[in-house]
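The letters A, B, C and D name the chains in turn, as written, and every chain counts its residues from 1.
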């Protein structure tokens, strides 16, 4: 499948977030990869978001997925206006390990008004996803030319 | 519709959370209501979870909905084992006002293995929901007798 | 909550469907109610969509919910262009009875580009929903003035 | 990722459906592939489920995805009791072409009580999905030994 080109790279995303979303910039996260149609985001393991039993909480997983989706939109649409999440669907499949959590986010539709992304969350070193998610972002008028 | 009885009240929930989920206890939240089939949870407005433009972020809204769902399960099943979220679906409809955010959570199914809840989030004083959500919790075997 | 006005009534919907969607017109269904913000649609019980055990199938329930959502959009936006479903989320809670199935569909957001509806399906005479659903429709440009 | 073994093959599924689900057997569909963790189902193109403009309707797509999910469960759990869909989430991304529609269904979780599957629907010969879906099936007690 032909992947959409990256129009805003990892360094540009970092600078944009540092300037406009200082709170997101403080999340313990790191961009591992930005390539056409895809962003991989890493949540650095700390015991801060832990539930009893040592697992990473649902809200922390949502934050990771939502941030990955935002970076996926930035990477492929650019910062031409604030886009917003319109829907999110998550299935929590397994408990994450006490390790870094990776979110592999891919574009499944890059439309004029809507961007749909698919995310899989993995504990580092594991190959079965702990959580799968789908999110839709709505773009402001003019943010993007017709596909 | 006949509503399931409350088996674990607001004070019991607060004590249970304080003891077992100290991090959740530090969320700026308050239980407004626990009644058969329903829990209302309030997120106290601060500017901590704000996005540019002054709105309460998606992750903060997810945290509120997930916490409300957890309390809804505790209220109607009790603390007999740790239940876990299996799926969550959210539609973000409008931007929250800079005000307390209320989550009105209702049981739509209280099964032997699964509990399904429906949540509506409102900015205080508004009557149109900012976000609607559905969540499913899986109960451990024996947590609850057959419905 | 202030409900959006009906701009296209039950008779107009029936005529529009008969003319443009003859296959939908043959579904065994009937419009029970169209009022501001709400449409109630009835699926007439037959044993055609039955699964073993006499229950109405998931696909038949989806067809009912999707048709109700379409009529909800028609009722509040009018037929100014073909809108399309962008997402659907369903939770199947209980088995329907061998009886007419009612879908109570309500507008939760009527935006310029997106309409979000919430549906509850009930077996006639029962007060616990068998299925709950949320659907989003995307409107073509110009179908509706800004809300 | 280690895939779960097939315990009930394509011929067994066909016989089981013909005997127990004669209505499903009449759907214009064909099993293209059953392999560990995966089922590919084909909907044979006819103009029966068409919407204006020649596209395959949402309800037909749901029927295909739901049938593929059922076969995925049969293939990996066997027919030891009737399982039921508990939730379905679909994102409709593009209009299907007037061609056969393929549903590629994969197991993402095969638990003791729940099976979660991920589906992508493609028009034959195209490589961009027209629809993505996630479904959960609940298994009756004893249908499957602990994973």
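One rule holds in what follows: a contact is a pair of C-beta atoms (placed from the backbone, for glycine too) under 8 Å apart; a residue touches a chain by one contact, two chains touch by 3 or more.
What you see is a predicted model, and the numbers here were worked out from it, not measured in a lab.
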item: Taking each chain's C-alpha mean as its centre, the one farthest from chain A; value: C
item: A-C compared against C-D, more contacting pairs; value: C-D
item: Separation of chain B from chain C, taking each centre as the mean of its C-alpha atoms, in whole Å; value: 28
item: Between chain A and chain C, centroid-to-centroid distance (C-alpha), Å; value: 33
item: Approximate Å spacing (C-alpha centroids) for the pair chain C, chain D; value: 24
item: Residues of chain B whose C-beta touches two or more other chains; value: 86-87, 89, 91, 136
item: Touching residues (chain side chain D, partner chain B) in the complex; value: 86-87, 89, 113-114, 136, 138
item: Contact set on chain A toward chain B in their complex; value: 20-21, 23, 48-53, 58-59, 62-63, 66, 82, 84-92, 95
item: Residue numbers on chain C that touch chain B, as the complex places them; value: 1, 89, 91, 93-94, 108-109, 116, 118, 127-129, 132, 134, 136
